[in-house]
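Two complexes, one shared chain (chain A), two partners (chain B, chain C).
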Partner chain A sequence: MKSISLYVEKGSWLNKLHPYTKLLYILTAIMIPLTGGKLWLFPVMIVSSLVLLLSGRIIKRALPLVGFSFTLIIVIFLIQGLFNHNNETVLFSIGWITFYKEGTLFATRIGCNILNMLLAFGVFVLTTSPQDLVDELEKSGFSPKFGYVINSVFQILPQMMATKDTITDAQRSRGMETEGNLLVRMKAFLPLISPVVMSSLINTRERAIALDVRGFGRKQKKTWLYDRPKCKWDPVARVILIGLMIITIVWRVL
Partner chain B sequence: MAMITIENLKYKYPGTDRLALDGISLSIEKGEFIGIIGQNGAGKSTLCQAMIGLVPQFYHGAYGGAVRVKERLAEQVPVQELCEDVGLIFQNPFNQLSGARDTVYGEVAYGLQNLGIEREEMKSRIERVLKQLDIWQYRDRNPFDLSGGQMQRVAIASILVMQPEVMILDEPTSQLDPEGTEEVFRVVDQLSRTGKTIIMVEQKLEKMAKYCDRLILMQDGKVVDFDTPEKIFARDDLNEMGIQPPAFVRISKQCGLSNQDGTYPVTLESTIALFEQQSDKENLTQKLKPEVKQTVQTQRTKELFQMEDISFSYQKHIPVLEHLNLSLDQRTTAIIGQNGAGKTTLVRLLKGLLKPVSGTVYFGGEDISKKTVAMLAGKVGYVFQNPDDQIFKYNVLDEVMFGPLNIGMTQEEAKEKVRKALEMMGLSGKEKENPYDLEMYERKMVAIASVVAMDTDVVILDEPTIAQDYPGKKRIGDMIASLAEKGKLVIAILHDMDFVAESFERVIVMAHGAILADGTSKEVFAQDTILKEARLQKPYMTQLMERFAGK
Partner chain C sequence: MGKIFKTKLTTATIVLIPACIGINYLGKLFASLLKLPLWLDSIGTCIGACLGGPVIGAICGAANNLIYGLTTGDNITLIYAITSLGIGLVVGILARMGFMKTFPKSFVCALGGGLAAVCISTPLNILFWGGTTGNVWGDALFAATQASGMSVGLGSFLDEIVVDVPDKIITIIIVYLIVKGLPKKLTALYDVNAETERLD
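Up next, the complex of A and B:
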């Protein structure tokens, strides 16, 4: 089955790290450059995320994320560099197109921010199984219902996408054109989407029953099949991350 | 000790006027294997749901009377609590997976976690149950990647592991192939031997007769009778209740044979035993003969489809079909075989939904690779297995009109065809109803009608008999015959061997992407080694005839 989760199990130390530690990393990575206020802090954090991805052997899986963000960043550079309302100082010109320093600087900041966040999230998403995260959330007191919603999205969405393909075939079989110009596609929308929605609703009702008969929602303490194996790096990593955040704040205040 | 007692149970679904359950009183003992039979809409599922408290807790509606499970009132104890005593398994294996676990092992553990079972206990129970149901080898697989039969066994394991004393199974095999069905029945029979109380709804009456201690016969929300299979199937009014007695009962009746107490044998073994006792065997064989329908070999050999050297695969290096050659004429054709044999792939190639990797499909002499699916729609109709994959209009009439209008019929022409199609599928008078208010078996009829109304030269049916009771099957059988009479080619994928033997002139057996046998049902069902290779069972009638002739 096609999975929509980006998680890959590599047995690396990042996989073993507690999801919360990795969430803390995201917080740190985003907070430091923003509180620190210096532009050079961005490349520092970006490089550190890249190093982490590299050591987790998932840098290849992260590249599409980066690639995707570059299109966005380029658009931002064009718009800000050319049209930012603070633009005064000419940076360079190509023919009649003139880039300004203020806008470019602003775009650099946003671009770095996007890239930084994306890579930090990448470290988390690519190394944490959604199920693992939800289990940990539930163990620390989150509602199982909330947990179920997150978990099931990863299992059921791919299934819905498969259903959509079958439905497309079923309607094409009844002579409906699904390919062609915009009008054709718009006409095809209703016959495709309403069976998807209706069958998901029916499935949801059945699944609600299935969960009920398996004791979901009992007012009772759940047990767990596995304990997370304790990772010795967790405490170390957390201390370092929190330390770094404190240092940044202190440095900024002083 | 009574496990379940029901006293004067009455129930109405919200927003309806009809009593879905009407004055039901009965009691089920510990360790019994009880079957519930009756035509669609009789209230079988509703009764099951009442035994675990989903009726009325989940569905609400008007409820009267009492259902006790081991002295606890099903209406009051929350379902999440009652599930310790009663487990429920239903039709669709896919919807019973929690969707929150990505391995079979974790899936089976899910309920135990909710019950707060200690870890060591959990592990030992899971291992035992997975091994018992023969799915231990799949423990690390994603349950969504398994076949229907395997998935259904995971669903059973997930319930069984919670160790309820009663297991309720609501048509657990209706979406499974013959092998998956057999797997489920074997497991359930085994459970019943270990002292579990089993309550099972099924349309496969031959199997029910074989396994159940007692049968509950339902009609219009009432329990008409509650007795042994022999007594139930000896009733004269079964046909009026939309039930066709097991093949063995029909045969014995035909031959004028009965047990001493006036009942008829309900299983293969008891039928043979009864026949053995008769002195005049010659005469009996003569009587049996006319019952075996000789499919008339019509001379309708106009070739419609020609598949030449077809190969197909969904993923590289995993071929589904290899170098397949097949030609199809106007004879009604059934394609049989286990899930994964390549049956659906084959018909999708005919319909142009899939394009072969190599080879050519010709329809009426023309290469179909140059046509779009929509262009072929007017010539080749295809009814999908799940009606919910196509229904999108808010009333039956519009739904059935959709296809005919798409392929360019005029309003009047379409209306006339639609009227005929609805009549043929028993839907006259339901034109204005919302398809989603209809039951599953009726929605299936809507789906069939919506393709029949397109008046195509070829009609392909994928598992048309799923969830159909006897009247439904008969209707589909008549529809196939009437289309064939008009010179149309009907191709169907089927798992119901008796239906195949009764309704089709040509039978194609498929296994692992190849055609193993091709001929009349009589020819095909005589080939033991091939049926074994395709893991198929013979129709009950053939089984009996062979056993009898062999003596």
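Up next, the complex of A and C:
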């Protein structure tokens, strides 16, 4: 069964790093260009994320992440470049379409921001297993019940996907059309989704009983089977990241 | 008013949350498989809100976006966690006030959810993407309003309304049909007003 998580275990130093350190990196990568206010800070952070992805040997897996944001970036470029309110200076024209400098600059800023965020999140998402993140959250005082919610999503989804395939096949074999004009496709939505939704909601009752029987509601402190090996780079990385953030703020204020 | 926010945090309600998050994902998946011009990614949140109340609805919504944002790398979703939270909250409140009891009344619920989504998403859209939503129809309208010289705020607001309100109306219709069809033994688990009758 295919998991929805993009995590891959490569045994790299990024995998060994504490999830919080990587979350701190996301914060730093997003905050520095936004507080710094200079456009060149975006490429700097984008390149640093790319270097991290390269060193973690996951750059190939990061590409699809970037790929699907391209439509959004292109739309932003078109709309802002053509119609931004501050548009005055003509940048270039293709036929009767004229791109303006102000709008394009604005779009570049937003586009860089999106790319920067995507790559910074990529560093986190591709190197941290959800299980690991939940464990660390619970160790620092996060409610185990909500930890269960997160873990459970990853167990339930593959099950629901399997049910979804079964239902789609069953409905098709009864002659339901899933392709055609918009009305046909709209009408197909309810018979496809409702059996899956119904069965998964009804399953929750059984799951609740099963969990209760196993002492889910107990208030005692939980213990962990797996102890996370400490990584020597964690403190170093955290100090560097926090330092960078402080430097940016100070630089901006001065 | 106290009853509206009353929440039972039992095992049953906690198990409901991941199921609802799964349903959200499924709705989005089917919408893209059938190439529908809607998102339909808040069906689960609304079911959670109708069954568990506004608090569970809000948790479902926020957890949904946070989990997908932090595991599938789709951080565009992450920003809209506040929107999902708002939808869950508003739909939950309206459902507790009885606006999911009959089919015509559920339209009030749909409008409420849709407007909550619009009001929260518009500032986020302007802040992060300069006003676009990423939906073809909405963005075409946004481009038209910008070309005709309307303000970014108004254009983005219209952009959201065109996309979100029909989306929420269809979502609520689906939710209404599904919740009506659920067996009583399941809905009884989430009924806050239920009283245990003793025979002794």
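Operating definition for what follows: the second predicted complex is superposed on the first by the 254 of 254 C-alpha atoms of A that agree within 3 Å, B and C clash if a C-alpha of one lies under 4 Å from a C-alpha of the other, contacts with A are read in each partner's own complex, and residues count from 1 in each chain.
Quick note on the criterion: a residue touches a chain if its C-beta (ideal position, glycine included) is under 8 Å from a C-beta of that chain, and two chains touch if they have at least 3 such contacts.
A quick note: this is a predicted structure, and the numbers were derived from the prediction, not measured.
Taken together in the superposed arrangement on chain A, chain B and chain C fit without clashing.
When both complexes are overlaid on chain A, the residue A:Leu157 reaches chain C alone and has no touch with chain B. Contacts of A:Gly122 after superposition on the shared chain: chain C is touched, whereas chain B is not. The angle formed at chain A by the C-alpha centres of chain B and chain C is 70 degrees to the nearest 10.
Between chain B and chain C, more residues of chain A are touched by C. When the two complexes are overlaid on their common chain A, residue A:Asn84 makes contact with chain C while staying clear of chain B. With both structures placed on the common chain, the touch criterion links A:Leu225 to chain B but leaves chain C unconnected. When the two complexes are overlaid on their common chain A, residue A:Leu190 makes contact with chain B and with chain C alike. In the superposed pair of complexes, A:Tyr25 makes contact with neither chain B nor chain C.
In the superposition on chain A, contact is made by A:Ile76 with chain C only, not with chain B. Once the two complexes are overlaid on the shared chain, A:Leu65 sits against chain C while remaining clear of chain B. When the shared chain is aligned, chain C comes close enough to touch A:Leu6, but chain B does not.
Note on the superposed arrangement: chain B and chain C approach each other to a least C-alpha distance of 5 Å. Taken together, the two complexes place residues 148, 152, 154-156, 178, 190, 192, 194, 198, 202-203, 207-208, 211-212, 216-217 of chain A in contact with chain B and also with chain C.
For chain C in complex with chain A, the touching residues are 9-12, 14-19, 21-23, 25-27, 29-31, 33-37, 40, 43, 47, 63, 67-76, 78, 128-132, 134, 139, 142-143, 146-147, 149, 151-152, 174, 177-178, 181-183, 185-186, 189. Chain A meets chain C in the complex at residues 4-7, 65, 68-69, 71-72, 75-76, 78-80, 82-85, 106-107, 110, 113-114, 117-118, 121-122, 124-126, 130, 133, 145-146, 148-150, 152-157, 160, 164, 178, 182, 185-186, 188-190, 192-194, 196-198, 200-205, 207-208, 211-212, 216-217. Residues of chain A touching chain B in their complex: 1, 129, 131, 134, 147-148, 151-152, 154-156, 159, 163, 166-167, 169-179, 190-192, 194-195, 198-199, 202-203, 206-218, 220-225. Looking at the complex, you find that chain B touches chain A at residues 52, 54, 58, 78-81, 83-84, 87-88, 90, 92, 94-102, 105-106, 109-119, 122-123, 142, 144-145, 155, 158-159, 162, 348, 351, 353, 372-374, 377-378, 381-382, 384, 386, 388-392, 402-403, 406-407, 436, 450-451, 454.
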